[in-house]
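This structure is in structure tokens; I'll ask about it shortly.
Going by the order they are written in, the chains are A, B, C and D; count residues from 1 in each one.
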Amino acid sequence: MRNVYLDHQAATPLLPEVFDAMKPYFTEHYGNASSLHQHGLRVRDALKKARQQTAALIHAESEEEIFFTSDGTESSNLAIKGVAYANERKGKHLVVTATEHPSVMNSVEFLEKQGWTCTRIPVTPEGLINPADVAAAITPQTVLVAVHHVNHDIGAIQPVAEVGRLCAEKGVPLYVDCEASAGWLPIDVREFGASLVSFSPHRFYGPKGVGILYRNKRARLVSILHGGVQEGGRRAGTENIPAIVGAGVAAEIAQRELPARMAHTAHLQQRLWDGLRTHIEFIKLNGPVPGPRRISTNLNLSTEFIEGEGQLLLCDLNGIAVASGSSCVSKSLKISHVLAAIGLDHALAQGNLILTLGMANTEEDIDYVIETFAKIVAKLRNMSPMWEEFESGEIDSVIAPRGIGKSFSQHAAEVSGKAAH
Amino acid sequence: MRNVYLDHQAATPLLPEVFDAMKPYFTEHYGNASSLHQHGLRVRDALKKARQQTAALIHAESEEEIFFTSDGTESSNLAIKGVAYANERKGKHLVVTATEHPSVMNSVEFLEKQGWTCTRIPVTPEGLINPADVAAAITPQTVLVAVHHVNHDIGAIQPVAEVGRLCAEKGVPLYVDCEASAGWLPIDVREFGASLVSFSPHRFYGPKGVGILYRNKRARLVSILHGGVQEGGRRAGTENIPAIVGAGVAAEIAQRELPARMAHTAHLQQRLWDGLRTHIEFIKLNGPVPGPRRISTNLNLSTEFIEGEGQLLLCDLNGIAVASGSSCVSKSLKISHVLAAIGLDHALAQGNLILTLGMANTEEDIDYVIETFAKIVAKLRNMSPMWEEFESGEIDSVIAPRGIGKSFSQHAAEVSGKAAH
Amino acid sequence: MSETYTLYNPTVMDHFMNPRNMGDIKDADGVGEVGAAACGDIMKISIRIKDGKIADARFKTFGCGSAIASSSMATELIKGRTVEEAMNFTNQEVVSALGGLPPVKIHCSVLAEEALKAALEDYMKRHPEAAAEARQTEAVPA
Amino acid sequence: MSETYTLYNPTVMDHFMNPRNMGDIKDADGVGEVGAAACGDIMKISIRIKDGKIADARFKTFGCGSAIASSSMATELIKGRTVEEAMNFTNQEVVSALGGLPPVKIHCSVLAEEALKAALEDYMKRHPEAAAEARQTEAVPA
């Protein structure tokens, strides 16, 4: 059976060069960066180099603007809470996109319980914000605006540079979560006008266990994990040296390979989407069409009349690794809040599948996925009461309405005795 | 030149077996534990196994009581803030030992800014608390008691089981920071009566980038890093799978080797201390004497009339890696708060050196250290105005007073125009 | 891959991959279609009754792996039972027969129970005489 | 180890490992001992004056590597200077000659400046005539 990994948004394999660079720091150069002897001083040098390499990937002015955390989640938490706590006296208002990652949304919710308020900027059905909405939401109490670069679910590229200009005019720092774009799209913190930027190497063939937070020196930021004076006093705790070294090398390679990565994945993205929509009826792409507003690695699909977890499981049994934003795959039984924010019909959200491409994927992989997925859809539709009811004219399609029958949602509400979401 | 690593409190090399266990999880089994396909399910299994292995090391009842964090600092922060926030309605009072690690002390200080109050339990000159002091400090508003198992600086073993019994009587959860003991001393969470226990594998030949927090199911705990629903919703963020796998294996090996580790280091500890006090005058051991109240890996010394950083540098130049709690090695120019808490004379705190033993150290190493350190002391004393003034009878020794001359501290205050601390 | 990792246990996976009794019954004696308000899954079970017993049961499911497996297992378990016995059917039977479900997926088995009960009710609505009999039998142990 | 890592730059390390002018001057013309309130370091500098110039300078230091290096460098720099020149000596000269110190260690060079000034003051206290002359010379450029 062919194995096709299409979940690069969830994890990527470590590049052999990155692993080789990390290796000596496990058993040989195992020192603690706080130690003043040989073992400590050596890894301190390694730390500095990794800071320079990661700073270069996002065109930061100085490596001193780079803070190492444990992952993207911690970086988001530090950006949101660290800026909020640092500016408590100035004001307690935040502005964030409605489709930020849960690590941003839930940090904001935590602060709301502590007396902060937050304006959530809505998105278009394609998932894009209107920068003017951000400007309008800023008040004299606003201490931070958070707009992610690329959406983790639907691949939409937000107009961050425009937002950055508006924030600069109003003197409010902008935080850009680049977790879903770093290593796959160019990032320039100065062009973005960003005061804070986060990303993680595990998304671009680097190691897990390390996240990066860039902070422009002018932005005030306090620590949220308290203890020692590591990372300029802004992140206490023994540094994860091997992972940090790996982050540096992964960043360096990403910078070098960026054009090739974008070209390769854009080609496969187009081939995959064209193949799927040709071979499968009632399938919809969520988020912008492939092009300048969508990252080349992501396809977010809704296949009507069937549910996402079943699609995912059958894909897996056929060697294809994918993700889904369906409520059935979530521990909270809720559809992805991003799909809710773009106003996606619940039936389509339930039929959601997320495919994310990487460098190891080939044209043959893509053709195999198209062929296999068409069979999976047929199998599941054959099992689905909704497909039967659609064919009998009892319910209608959301994707390509025929004007016959009631809506899926209406039907679902009737049989469950409650509206779906 | 002989190389003697005597800073096992700061870092330990990864065991080859641990590294081998981690290896496949970098490039091969690189999945995200949240993914529902093969790649995710495989690492989910690995995660469960590591949970069982780490639970076993501390005799936890169930692996579900184990939460993986990024390091000891995050575990301390989660224990302190996670319990405080979870019990906000019950009360806002904490009780902690005065000699907790900064990750505990500074978490408490952060909470104090947010309206909590805290009682700090003093220690004896040996660094030990009196359990009765803890019981006396508990009020109806107390939501957590924190007493570390072993002190990171002076190796004192606290009477945690006794404190645990008193806490149980009062119905207040006890948090025991075992970062300085795990892998080197037996830990039994039930014998301790601990509701929370933290430790990190990087202290016992495991990887950096992972910390463990044990939480008894009855203790309420909320998340402090917000985002996804990893770790039962109590620690968001992509799991650092290779490090977690390594933590499990390191824990398993530690459990197996514990008696050998204790015997080996206790023997070297005695040899080292005996050798040093025989060959060097005016040297003092801080913390309890080697024996049941001191961990076998730690010697904390004060050598009079000379300063610690100089000792550390000369040790390093002679291949000996050590640490110091002198103010000169700290970025804040403050002596270790532990040395302050045991009431150590400032002159002795300045002359502080911390030596921590490990399995690779040999008797020959120890003899080399004794011989070399005696020369270093002689060299530095030869350079020291204090030694000269001691010899001339102008100032007296704190360690072995002759009753001649003023005290070092008095002299230092006179020449600096200010009391030292 | 040498080893295969599965989200559900082998029994659940088997019923998901090779569902039993998938489809519709032409001119069924009872049809029940229910939806899970929580997640949006929909399940439809149709039954044929012969001599007061469930002669056939078929399902169609819009839902996750465990929803499909639950309906497959429920239809499998219920065949051959009397209408009265079927009225006492609970989701616990499905869970046990499947060898357990993840806690978050228990509601899928509940949906199967509900779909079956809805089909039985539909049958009884169409056959009031059977309903009366069933109620009578039910009343005895109560 | 193939490569050696050092906390301070090679010049500082050299002055720490091989301090120049370490010791005391017997019957010195001036002795200054100062302490750093911040960290507790103590530095003592003794000087011999000949023909209004510093003929010799020695130090003893209780302190960290950079404190020892700073006193070594300060005594080295100051030899041969006139008392008046020496009065204008600043820690910046020590820092530059050492090729830089970590920010947190700048106070060590300040301590060296203070110890030297204290020694000079001690000399002038013992030799009021020299003090008068020095003040006069000092007054000119002011």
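Quick note on the criterion: contacts are C-beta pairs under 8 Å (C-beta built on N, C-alpha and C of every residue); 3 or more make two chains touch, one makes a residue touch a chain.
Since the model is a prediction, treat every value here as computed from it, not as a measurement.
Chemist: For the interfaces A-C and B-C, which has the higher count of C-beta pairs in contact?
Modeler: Pair with the higher count of C-beta contacts: A-C.
Chemist: Over half of the residue-numbered contact pairs in common: that is the test. Which of B-C, B-D or A-C passes it against A-D?
Modeler: Checked against A-D: the matching pair is B-C.
Chemist: Using mean C-alpha positions as chain centres, tell me how far subunit A is from subunit B in Å, no decimals.
Modeler: Here the centre of subunit B sits 37 Å away from the centre of subunit A.
Chemist: Please work out the Cα centroid separation of subunit B and subunit D, and write it as a whole number of Å.
Modeler: Chain centres of subunit B and subunit D, defined by C-alpha means, are spaced 39 Å apart.
Chemist: Cα centroid separation between subunit B and subunit C, in whole Å?
Modeler: The answer is 58 Å.
Chemist: Any chance you could list the residues of subunit C touching two or more other chains?
Modeler: Those would be 1, 7.
Chemist: Going by the touch rule set out above, which residues of subunit A reach two or more other chains?
Modeler: In subunit A, residues 36, 38, 309, 313, 329, 331 touch at least two other chains, as defined above.
Chemist: What residues of subunit C sit close enough to touch subunit A in their complex?
Modeler: 1, 7, 16-17, 19, 22, 24, 33-44, 60-65, 67-68, 104, 107
Chemist: Within the complex, which stretch of subunit D touches subunit A?
Modeler: So the residues of subunit D in touch with subunit A come to 1, 3-7.
Chemist: With touch defined as at the start, can you tell me which subunit A residues reach subunit D in the complex?
Modeler: Within the complex, subunit A contacts subunit D at residues 36, 38, 41-42, 44-45.
Chemist: For a test of understanding, state which residues of subunit A touch subunit B in their complex under the given definition.
Modeler: Result: residues 5, 7, 10-16, 19, 22, 26-28, 30-32, 34-40, 69-74, 76-77, 101-103, 106-107, 109-110, 114, 200, 202, 207-210, 224-229, 236-243, 309, 312-313, 315-316, 320-324, 329, 331-332 of subunit A touch subunit B.
Chemist: Help me check something: in the complex, which residues belonging to subunit A touch subunit C?
Modeler: Where subunit A meets subunit C, its residues are 3, 305-310, 313, 317, 326-329, 331, 333, 335, 346-347, 350, 382-386, 388, 411-418, 420-421.
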